[in-house]
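First chain A sits with chain B, and in the next complex the same chain sits with chain C.
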Partner chain A sequence: MKQWDLRGKARQARIADGMAHAAGKIVAADKLVAFLEAVILSGDRVCLEGDNQKQADLLARALAQVDPAKIHDLHMIQSGVVLPEHLDLFDKGVARRLDFSYSGPQSARIARMLFGGKIELGAIHTYLELFARYFIDLTPQVALIAAVSADRDGNLYTGPNTEDTPTVVEATSFGNGLVIAQVGEIVDRVPRVDIPGDRVHFVVDAGKPFYVEPLFTRDPAAITETQILTAMLAIKGLYQPYGVRRLNHGIGFNTAAIELLLPTYAERLGLKGKICTHWALNPHPTLIPAIEAGWVEQIHCFGSEVGMDDYLRARSDIFFTGSDGSLRSNRAFSQTAGLYACDLFIGSTLEIDLKGHSSTITPDRIAGFGGAPNMGSDARGRRHPSAPWLQAGQEADPDTPAPLRRGRKLVVQIGETFGEANAPLFVEKLSALELAEKLSLPLAPIMVYADDTTHIITEEGIANLLLCRDKDEHEQAIRGVAGFTEVGRQRDKKMVERLRERKVIQRPEDLGIDPLDANRSLLAARSIKDLMLASGGLYRPPSRFRNW
Partner chain B sequence: METLRFEFSALTPAKGVRKTALVGVVASGNLEVLLEREGAPDRCTIEINTSAHGFRPLWEAVMADFTSRRTAGGLRISINDGGARPDTVSLRLAQGVRLIEEPQA
Partner chain C sequence: MNAASATPHARLSWFEAGARERLAALLDPGSFEEFIGPEKREISPHLKIFDLPAQFDDGIVVGGARIDGAPVLVAAQEGRFMGGAFGEVHGAKLTGLLRAAKALKRDVVIAFDTGGVRLQEANAGELAISEIIRALVEARTAGVRVVGLIGGRAGCYGGGGLISGCCSTLVVSEQGRISVSGPEVIETNKGVEEFDSRDRALVWRTMGGKHRYLIGGADIFVDDNAAAFRDAAIVALGRPAGFDRKRLAAEQARLERRLTRFGADRDGRDVWRELGLTQADAVPELSTDAFLHQAADHRETADDAR
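So, the complex of A and B:
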């Protein structure tokens, strides 16, 4: 007789082994390493919750301490590789293979370890893509997750930073895997049930909150006048003519500048209620002045942001909140919302090539992707119309009859022509291609593909790639906004002028943008303190941003 | 310090009547631009004092673009540069020719 419940039985055996180190579902923090050695097997697929923001830091430290003679060759599948321990696992020989999405602060070390052969790379995924694989061919045998609190039955409260947890638990727990949660405290009754206890097998009391990275805080004091100019271009040259109401902003100072110009510059243009009303967005502190001025109707969040929790609780008309009053975020749902229900994505990158591919890989840093690839791509499964989507579709393909013409998501790259340390934004060949050659990857890690990119905004102007009719026009439209980079200086000036006549390229002066307006006095908040004051004291900036 | 001097023909004379305009500050990554109404209305002379050596071709390209795109005729422009990027230089120059159009503050 073939047995059809071997995986469930294997999980039961792991639970029995774990019980020897636990009291009920509760594992003591000082027994955690021995506990993990009992329940994890060599070769397991392990999701160590490393999200974009919150980190299961206690579990990461404990896993990095297990004996590699007992546990080795783990296959780590996690969206964020953020903590040093995430890579210590590979240095120590506990883990061998890695599938991930984002590596932010570990980007330099992960590059060295990949080049040194310490890590066997599966792939660098977009978020939704990695989540999807959790349910198909990368279902974790063990998930090590993070929550705010738990009761003794294992019901979890994830608080405002729910992020990836429901997705990870869904795949692991219903896929015969083991779910182990670290929590800040054990309570009699959790404030709300984000994860039902029957999906959670063990809980460890970390005695303090999990680590959260304040990724989405941009200090208005650091916004330059050039960035303000690019923000004016975005508002007047793109948000206004397309009437963009549903959108996502990436992180960066250019998009922070747009947020801070809504109550000033965009208000002056009469755009309130006509643009930027519905968002898939992390709770950016720089959006506070626009929210307070009544610009925003609704925001769904991927995660929370350090210091924003009280503000979000007090603005429940705008944000999704739970029965306890605090924010409920969810990365998988918000990414899906950004992909299917937003008409525009705008973000920054480090390199753009002549075709319009963009990447954040540099020769010595592999940062992976954030939310950009999913939200910065045209949703081929979309079927509902909206004015900006239809207009973009019409510009790209004027000849197809309207009822049979797909619309287009507006996918915008915004930045200055020279970035940090005078690195040019525009390049002949992406570093991502060199990386792919060096590591023999079948795919270069492209963040946003050229055929998804509809506009590029720099201080020199806006290039509307939808209006380009052939490869030459496309390349010259990019060169035409590439400023004084080598790519920009090698433009065909006559062709660029013709593109300008057709409004494929629009300069600030073509849009009636006064350079004297590119001034910091145009920002609705000029410092973190201004943001705190705008929130009525509800926003509590983390100490590293308090410079007063 | 390196001093660079350029003279360009300018398509359009500066607007307004104001004698001088000053924009920007001397700081790292920034620059100060002084514009004075002086010389023939179809010429623009530029003097740059910069802390960064070896960027003459880039400055020349930025200035050529500026004098062909903006109302720069009849101006003598003096720049104190603290290692500003080309995008910052272009913006300051654009701000300068706009400010000299304005009535004296």
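So, the complex of A and C:
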């Protein structure tokens, strides 16, 4: 007779094996390796929690110590390949196959290991699509997650950096998988229940908080005048005419400059309340001056940011907070919000080609995608109207009758024509294509596709790609803001001038912006200390960002 | 209207400003006359070997001017050009200025902003440091005051740190850093256990303006704005110009005491506690007024060279 509960029984067997190394649900940290060897089976799909911010670092270290003779051929499915241990697993032979999303600090090593055949690559995902696959064809048998604290029943407080945890637990626990959490401390009563205890099978006390990377802290002291000029162009040439109120920002210095110009430059343009009121955004310290000046109505966060927790607690009208007062973030929900409920995404990139595809891949680094492509894409399933969305749709397709016309998400790439180490932003051929050839990937890792990109902003001006009517115009609009890069110098000058007359290209002077006004004194804060002072001392910058 | 021109000097951040902006704010309006200006194109003869861009003033502006009516010679390093580092031409300009100071019996103000000797012209740079120190000491022996202002992005490191130690008076802001070996150099040579150069709060607790002021490594502590630096320079130029064996012996004795007292300390905080500061752990967070109030009864004061 067919049995229909084999997976549940298999989990019960794992729990029984784990109990031999635990007291109730609690596993001692010094028994963790033996415990993992008891509950994980070779060939398991394992989700080791970690993304571009929080890390289940204790569990990652323990998993890297298991005996590869006992456990091997794991299939790791995880948001971030960030810690050295994440790749040690493959070097040691504990893991073989990898599906992931982001690999910032390990981007060079992961590339070497892929070239060397140490890793069998499933795919590189965006966060949202990896989360989606947790529920369809990549459901974990074991999830190793991180929380701030737990009680003895396994109720978890994940705190401000909740991030991916609810999604991982939902898929694993309700999909007959085993959930193991590392916590900073075991308490009698958790401040709030982020994950109910009946979804958590074991808890290990790490004795210290999980690691969090302050990825979203940009020091205003490093913002250049060119970046300020691009920020002025974005505000006056894009946010103002479209009336962009719901948006997401990337993590670059150009967008940090926009945030710091809101209470100064944008205020003088009379835009307060008219732009930048609702955000899907991590708690960027550079947004503090705008929040304090009353610009922002609401922000939903993917994660938290190191040093911001007290500030967020004290600004609960703006941020989503729990019954205990602290921030509740949720990556899956915020990514969905960025995809469906924001009218603009703006971010920096490393390379843009002649068609408008952009990528952050360099030939020897595979940094993955993270969440940018979710925000930086037009949501074809969107059905609710908004003024910027309708206006962008009208510009792209003036001939279709309005009731049948799709709107368009504004997807903006912003940067200087020459980036770090004078590398040109505009290229004939993306490094991502070379990488795809080298690794025989079926898809080149493109961060934002050309057909999603609506605008490109450089210090030379704004190219509105929505207004281009054919391939030639599209290419010349890109060349027309590419400055003195090779791509820019090969522009058709006459055509670029014609595009300028039609406002496909707008120069700073066309928008009444004097580049000499792009001065650091325009920034609402010019240092991390200014940000701390603007927060009334509530923002506590991490040590590495302080110069006092 | 240009946003920059609307910003009065009172709001100009010394830390943010370039060498020429600093001089414009420091000196009496219209009083500055540059020596060997960029139009002379006295550029580094070494940088082109390394395919590196030169700067027409080689990263230092020198000249004569007035501060609060008094004639002075001034120098300002450009921290944004090669980290304000001393190269051959850069060093020679400062040496010449200090020799002129001795001849003219005119006080000197130096706005330091330097990581030390320029590695690409190491020997010439090291020689320049020695020549500058000699010229500085000879000028001071002749009764000239040499005032150092420190609060730029590059700090005052390497040979710059040595030169600053020979000045009559040092003015420093919280952002200013003074040391010989920089954080990265210490970490590279002694290991991260000895000094974690990425821990910027630690860098400032051990080399930053507040710490240097508390241990007598600087004499006047000011806010990070150009007007405050000017006011402090005026005060420093009004101090007695004495420079003799007796003062140096007293300073030597103080430095020996300081080493005995604090030599085993691992962190600026340990020093501040031993100095008796009631809010030692809060020093980095204190506002200028609160800090000066705390420091007043507890800081070490230098007799001279530090």
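By our rule, the second predicted complex is superposed on the first by the 548 of 548 C-alpha atoms of A that agree within 3 Å, B and C clash if a C-alpha of one lies under 4 Å from a C-alpha of the other, contacts with A are read in each partner's own complex, and residues count from 1 in each chain.
To be clear about the criterion, contacts are C-beta pairs under 8 Å (C-beta built on N, C-alpha and C of every residue); 3 or more make two chains touch, one makes a residue touch a chain.
Since this is a predicted model, take the numbers as computed values, not measurements.
Asker: Mind working out whether A:Arg502 is in touch with chain B, chain C, both or neither, as first, second, both or neither?
Answerer: In the superposition, A:Arg502 touches no partner, neither chain B nor chain C.
Asker: State whether A:Leu516 touches chain B only (first), chain C only (second), both chains, or neither.
Answerer: both
Asker: Quick check for you: in the superposed arrangement, does A:Leu229 touch first (chain B), second (chain C), both or neither?
Answerer: first
Asker: Could you tell me if A:Lys70 is touching chain B, chain C, both of them or neither one (first, second, both, neither)?
Answerer: neither
Asker: Answer with first, second, both or neither: which of chain B and chain C does A:Arg526 touch in the superposed model?
Answerer: The second partner, chain C, only.
Asker: Which of the two partners, first being chain B and second being chain C, lies in contact with A:Asn422: first, second, both, or neither?
Answerer: In the superposition, A:Asn422 contacts chain B only.
Asker: Applying the document's definition of touch, where does A:Ser543 land relative to chain B and chain C: first, second, both, or neither?
Answerer: After superposing on A, A:Ser543 lies in contact with chain C but is clear of chain B.
Asker: Which chain A residues contact chain B in one complex and chain C in the other?
Answerer: Residues 514, 516, which sit in both footprints.
Asker: Quick one: in the complex, what on chain C touches chain A?
Answerer: Against chain A, chain C makes touches at 2-4, 7, 11, 13, 15-16, 153, 174-175, 198-204, 208, 210, 284-285.
Asker: Mind listing the chain A positions that touch chain B in their complex?
Answerer: Chain A residues touching chain B: 224-226, 229, 416-418, 422, 458-460, 483-484, 489, 507-509, 514-516, 518.
Asker: Considering the complex alone, what residue numbers of chain B touch chain A?
Answerer: 58, 61-62, 65, 69, 85-88, 90-91, 94-95, 98-99, 102
Asker: Report the residues of chain A in contact with chain C in the complex, numbered from low to high.
Answerer: Residue positions touching the partner: 221, 514, 516-517, 519-522, 526-527, 537, 543-548.
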